[in-house]
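A single structure is presented below for examination.
All chains are identified by letter, namely A, B, C and D, in their written order; residue positions are counted from 1 within each chain.
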Amino acid sequence: MLDDSYLATDCDNKPQESCGVFGIFAPQEDAARLTFYGLLALQHRGQESAGIVSSDFKQVNSVKGMGLVNQVFTETKIKQLAGALAIGHTRYSTAGSSVIENAQPTLLDSSYGPLAVSHNGNLANYTELRQELLKKGHCLNSQIDSELIVRLVIEAHGRNLKQKLVNGLSQIKGAYSLIFLTKNKLYVVRDRWGIRPLILGQINGRGWVIASESTAIESVGGHVIREVKPGEFIEISYKGIETFHQLKSKSGGFCIFEYVYFSKPESIVNNKLVYSARLKSGQLLAREHPAQADYVISVPDSGTAAALGYAQESGIIFQEGLIKSRYVGRTFIQPTQRIRDLGVRLKFSPLQRFLKNKSIVLVDDSVVRGTTITQIIHLLREAGVKNIHLRIASPPFKNLCFLGIDVHRYDELIAQTHTGQEIMQKIGADSLGYLSLTGLKQAVGRVKHGLCTGCFNKKYPIV
Amino acid sequence: MLDDSYLATDCDNKPQESCGVFGIFAPQEDAARLTFYGLLALQHRGQESAGIVSSDFKQVNSVKGMGLVNQVFTETKIKQLAGALAIGHTRYSTAGSSVIENAQPTLLDSSYGPLAVSHNGNLANYTELRQELLKKGHCLNSQIDSELIVRLVIEAHGRNLKQKLVNGLSQIKGAYSLIFLTKNKLYVVRDRWGIRPLILGQINGRGWVIASESTAIESVGGHVIREVKPGEFIEISYKGIETFHQLKSKSGGFCIFEYVYFSKPESIVNNKLVYSARLKSGQLLAREHPAQADYVISVPDSGTAAALGYAQESGIIFQEGLIKSRYVGRTFIQPTQRIRDLGVRLKFSPLQRFLKNKSIVLVDDSVVRGTTITQIIHLLREAGVKNIHLRIASPPFKNLCFLGIDVHRYDELIAQTHTGQEIMQKIGADSLGYLSLTGLKQAVGRVKHGLCTGCFNKKYPIV
Amino acid sequence: MLDDSYLATDCDNKPQESCGVFGIFAPQEDAARLTFYGLLALQHRGQESAGIVSSDFKQVNSVKGMGLVNQVFTETKIKQLAGALAIGHTRYSTAGSSVIENAQPTLLDSSYGPLAVSHNGNLANYTELRQELLKKGHCLNSQIDSELIVRLVIEAHGRNLKQKLVNGLSQIKGAYSLIFLTKNKLYVVRDRWGIRPLILGQINGRGWVIASESTAIESVGGHVIREVKPGEFIEISYKGIETFHQLKSKSGGFCIFEYVYFSKPESIVNNKLVYSARLKSGQLLAREHPAQADYVISVPDSGTAAALGYAQESGIIFQEGLIKSRYVGRTFIQPTQRIRDLGVRLKFSPLQRFLKNKSIVLVDDSVVRGTTITQIIHLLREAGVKNIHLRIASPPFKNLCFLGIDVHRYDELIAQTHTGQEIMQKIGADSLGYLSLTGLKQAVGRVKHGLCTGCFNKKYPIV
Amino acid sequence: MLDDSYLATDCDNKPQESCGVFGIFAPQEDAARLTFYGLLALQHRGQESAGIVSSDFKQVNSVKGMGLVNQVFTETKIKQLAGALAIGHTRYSTAGSSVIENAQPTLLDSSYGPLAVSHNGNLANYTELRQELLKKGHCLNSQIDSELIVRLVIEAHGRNLKQKLVNGLSQIKGAYSLIFLTKNKLYVVRDRWGIRPLILGQINGRGWVIASESTAIESVGGHVIREVKPGEFIEISYKGIETFHQLKSKSGGFCIFEYVYFSKPESIVNNKLVYSARLKSGQLLAREHPAQADYVISVPDSGTAAALGYAQESGIIFQEGLIKSRYVGRTFIQPTQRIRDLGVRLKFSPLQRFLKNKSIVLVDDSVVRGTTITQIIHLLREAGVKNIHLRIASPPFKNLCFLGIDVHRYDELIAQTHTGQEIMQKIGADSLGYLSLTGLKQAVGRVKHGLCTGCFNKKYPIV
């Protein structure tokens, strides 16, 4: 539901995450052009703004803009981005700070020459770090993490950029998956918990690709090598790839919500196909919360894999029951009250005749605020659906996140403010079942460094 | 695959159709604003240009532009379109004539005041009619059917506009679903074969809505009343709705491809849910062409309903195996050779690990040129799929269409130039099965006025 | 004051005229590119919209847009306008009908192929002619003269286009200077009174140029040959130039206001340099209305030539006393009351110290509504000017014009509603002198076919 | 000739200067809106980009963009700039660095809150200061002086912002006229030589205005109080205006070229009307270099005042002989060779008939590269002018400037590379006379702190 946040501002029940990052070091390739396509594959991670910074070993160039990747980049602009190194960024859309100054990558000139960075994550001690820098006489020109990160790095002690990277980033508490670009190198760093994903791949034999998700690497013709390790510092240059520092990694940090909602189903995250985890979560959900129904249907697209799993386990037939419009997207037309009343009707069309007098299991990946699912259930009732058994392929979303999920107030979380019974009544379902955290963990399976499940059980890796 | 025709120009294997039309007469409503949302629901029928003409009983206003509905209309422009009457249009994208002059609705001033029209269809005798008009001393300012239609109507004999509509349109051979707008009335007309769809609905008790598909009526909060009959001429005014003329209707004209591909699955066409027809076509396809496989997967989105039918009938598990990118769309970045080599990889991601060493039934709705499906099969092979049994939920597409499907050359049609065996080898499938025409007709079921199946068997209603 | 009509809407005291036209037939030249520069030289005749239609003998192409020539045309658009024939148009800005549909040239397809026209003038019987065409079953798509002209021509009887031109245009009462373009020819026509200017030139030996003013011909490197004669019909083709028809010309039609204000000073109109006429008008004004003053200053730019003449004749020193801002132009910023109070201050800056306690003769070319001159005098008073003797280099503008000057209501004309004494008091001058009509005519000198002075003395050539 | 630098890139013979600055503290006024109009009046000082930063005492907002003031600001953008404090900037156009990052005002967040600055001038030790800052671990995000200035100030020692301003700016060698904006104050500073102009005015009784030229103050309805003194530091707040620091001022610094070309004629600079200085320079030029001729004509607009002075002193009649096009401006159409050959013909039209066989004195304000004047003389020769006596109202421009005039290479300066005799021949004049430096100084008169005449005699105030 990320693709139509404007229209759906008041009814979107999915959390938002911060950004997709992409980097490439590919001699004899048009790095920026491949980065463009890599960003297209990461567009679901952010639609507010996009940018690319490239280097041809002599000059570093930057193009950024508001909107979708396809809106920001034209052939003319891609041509301004010469060179074999590039990093890119897609940023997600929030209400307040939707301004070009906050678009990434951040590019600054330093005593080490131009230094740019693409960042995914969230600095828990951003305010303190910013205040310190200001006190030391620095000035900032944006409100974004990535500018602070560059300034922290350059201001840190150290005899060279690598030392400064290690020392500067060690001050940060929080989640960061970073790709830095200098005139002739890339640096790749991930926080010691490995909270946000970051994957390393190869392209064309001699080139390197880094991305938030494996699908972006494969969509540009690369192949995945491995995850960047929690706490790992990598340098990529003509000499090849080198891990030049390794912070002691910490466990229990990888965001479980990447499996539930953020990542695309085709992405391989921690050596696990997201689709498989979702399919499995649906199967376990069917065991934990069986139901009698004519059909299983999903809230597309994010609920589909779990719905298929539910159908397979329960033996109930899966059907497309809600068709999602591919074109609603962002609109500049003001919704009048009549339009607001139309609500999700503009985005979802129920197969009325097909569902009439039927009992259904309705599967969604998660419920955060509960507004969209309420409207969807209302829509299905109008279409004549008799019984609606809502099944959620993750546990109740009860807690705030300080590590990259955009959920800021407890009273926005329906599972925080209501009991299960109250939620069921409020949203109008005949029954409601959430997958247990145990079940979700089982569906995801063993993850090397362990998972952050703070949004479900308040156990955060960083305290 | 209509949503990304630019990038996919050389690999798109689906035919294109001409346009979606929408009209509304709704006292006390903001007609243009509802038309905007109606057009959003018809966007899949045309992405080249969009337009709305409205009337407040005093003045007729028009806004048209190139691109998607969401790109053409801003709040400022919607505000220029006051009034309780409006008609709208989405036009599909062709290579040659993508200019603003060809955007619809066409609005002209006449002795009956301003007259606008939205048109879906194709005039088989366009060239002759145009020549006649020119010979009579008329001048035209575009190359589009709808301008010719308005001039034919106004130039026809008749003592009033209704007579002129009857006499003017009777000269046309071909497919037309038309909504006219005058200062205070709408006129709705459909050719006597009823080739293109046109549905009538009500909104808000006193208002009327007309659209190419029922989903557009429902998305703006209306409800469907009935189809506009083949050959029917309707007047909608403050006095209500009146059929003022009925041409003798002809049978065998409704485009069967609306069920196969054009219409959205949630649309009810000839009193038949499109999804049900597609589901059934998949079931019959499974009977006609069974296969042994681990999974049924579809080419999303258009092949999914048939794939589900195939899975249900065959007992083979349905899985999402190809994930379609929602963001590729139109791009202004020139594809270099490397990008071209990436091909459908930019649009479709296979679930590699999941499909490795598996046998699959791959279901698509139709194959026209065969280029995209070839690339998709190649992609699946690379992902390690062992056996690919391609099943097409419609018969071989062998013939040109003069009634609204944009297929102009026989050598573009793979089923015209190759045998089934050759196609199978060319596209790289292990087996290939097309649904028979009998099967497709059975899936669609009885349609009151009969179906045009010319693209499959060269039997056209108009000769 | 044409260049800043938006800001100055409520204070502009100059009449507006309709349009500049340009045409070129120039083998081996890039006709559209030269037309672009020709239109730049005619920009003072209209800033609302601009357009060019060109032909490469095979295809006719058109680009039109709102705004200044420089805003409408980009390199990409000029490249779409291939060929050795082109016509262009600049349209002046009115309040109501500022829409792209009304931009020229008008291009229509006819039984004679594509036919385009650029028009300067005004059809006195436009409404009747339009009604007749509508009654005959034609439809129009704009409100502009030029579309009507093309349709009249094509609808007229005649065995070929030349006959139709003669017969079609003979129905028109009014002012027209026309350049038509077909696939391989230009046709140039001027009404029998020769009301609006139209000049013929040569370029590069073998090519022909036609323009509203000689300066446009010279700015693109051509040289002037002669005026197009009143009532003359010219064909320009590969065979050369031929007058194929000559209506009996009528005298007393050339708009005297071209000398007073419309034409640029460097233009040669009826074999007379406009600057010389204006200089002379100032000299005669000094004789008719002498004054005692320290300096002569002008209202720039249109009053400067006359002010220099006044200074030379009177012996009073000419000074720049009001500096005109070159950058105010059109602004999209809404004028608050405070901004409105600033008024002409934003456009004109007085040389305060220089003028303090001085007596001046202030020379302007004409006064129509009187609002701007009132503000200018107020500004000069604030700057400390002691005595202001206002001298106008034309007679009182008392009458409406139906032949191309945009003055529509008598109550807008200060000279119609006030006596000279009242005007002087209202605008705050110490004395006021208008050049007599005799004087103005003497300044202009003998003009072959005679002048229309209707705005001054209500003697119109067409009744 | 600043207004059409794009087209005229290869033929412009006037130096370019860096920028116009404007600031306003005006309770109960819409400060940004007035700043918009103030910038319009300073547009001649820079057309590359424009920007405004405003504060409503709570929040500081910024809008910047490429192009003219009128192109950058729309009503929507002005509305984003609430508040009673604002500063603005117009930047001149250079080839290389025409990017939005270099637009001003610069706005940065600091330990003192948001701090913005508008700057006119040039830092002679920019590179050294930048290197020092980088070495200290700061990062910069642009190449412009003003960012460096803000960082220098904030990084300087001092217990409050005022002390930091004094200490930070004391490190600078060079020319600066600065207006700083904080959330609730303005700070105005001028270098100790007072190289670039900076004027202080009052508006509406209680408000303050600062601008590069007095005309900007008057155009928004303010009145001039005095010059900001060389070395003066002013604070403007609710408490009023206070000079909180005064560097020991140095003499001999004010740029004499402001009188020759940069400032508008209506501006009062150092208590001297620019027009008067130019008029006087023409009179002295006539005494130093008399000539026999029929007319004096000027190269408009910058040569006109001197030409009038020459005419008055010599008794030769002044005429408009070259008409300057007001619409050429920036064009996006590529000049073909044919267009390039047209050269200044597109910008200047000679009054051919009027000048034929005449002898003229042609007056321009200055000659730098000599390319435009050569083309103008060629144009006048073609128009039949018999004798051309070129008179330049300033001395030969022989030296580079490091204090704000954009002249970077000696070989661009015709007076550096050629003798007077050679110049005369090269540009095609019959005689050539430059005003002596003594004459120019006499024309300007006594200036309190003395003038920089480095471009003429290599005597720079800063060494």
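Going forward, a contact is a pair of C-beta atoms (placed from the backbone, for glycine too) under 8 Å apart; a residue touches a chain by one contact, two chains touch by 3 or more.
Because the structure is a prediction, the values reported are computed rather than measured.
The chain with its C-alpha centre at the largest distance from the centre of subunit B is D. Computed from the mean C-alpha positions, the centre of subunit B lies at a distance of 50 Å from the centre of subunit C.
Centre to centre, using the average C-alpha position, subunit C and subunit D are separated by 35 Å. Taking each chain's centre as the average of its CA atoms, subunit A and subunit C sit 61 Å apart.
The multi-chain contact residues of subunit D, meaning those touching 2 or more other chains, do not exist; every residue touches at most one other chain. The touch graph of these protein chains is a ring, one cycle where each chain has exactly two neighbours. Put simply, subunit C touches subunit B in their complex at residues 107-111, 115, 134-135, 137-141, 150-151, 154-155.
Subunit C contributes residues 3, 29-30, 33-34, 36-37, 40-41, 43-44, 68-70, 73-75, 78, 215, 218-221, 264-266, 268, 273, 275-276, 279, 301, 304-305, 308, 312, 317-320, 323, 325-334, 336, 338-339, 341-342, 345-346, 349-354 to its touches with subunit D in the complex.
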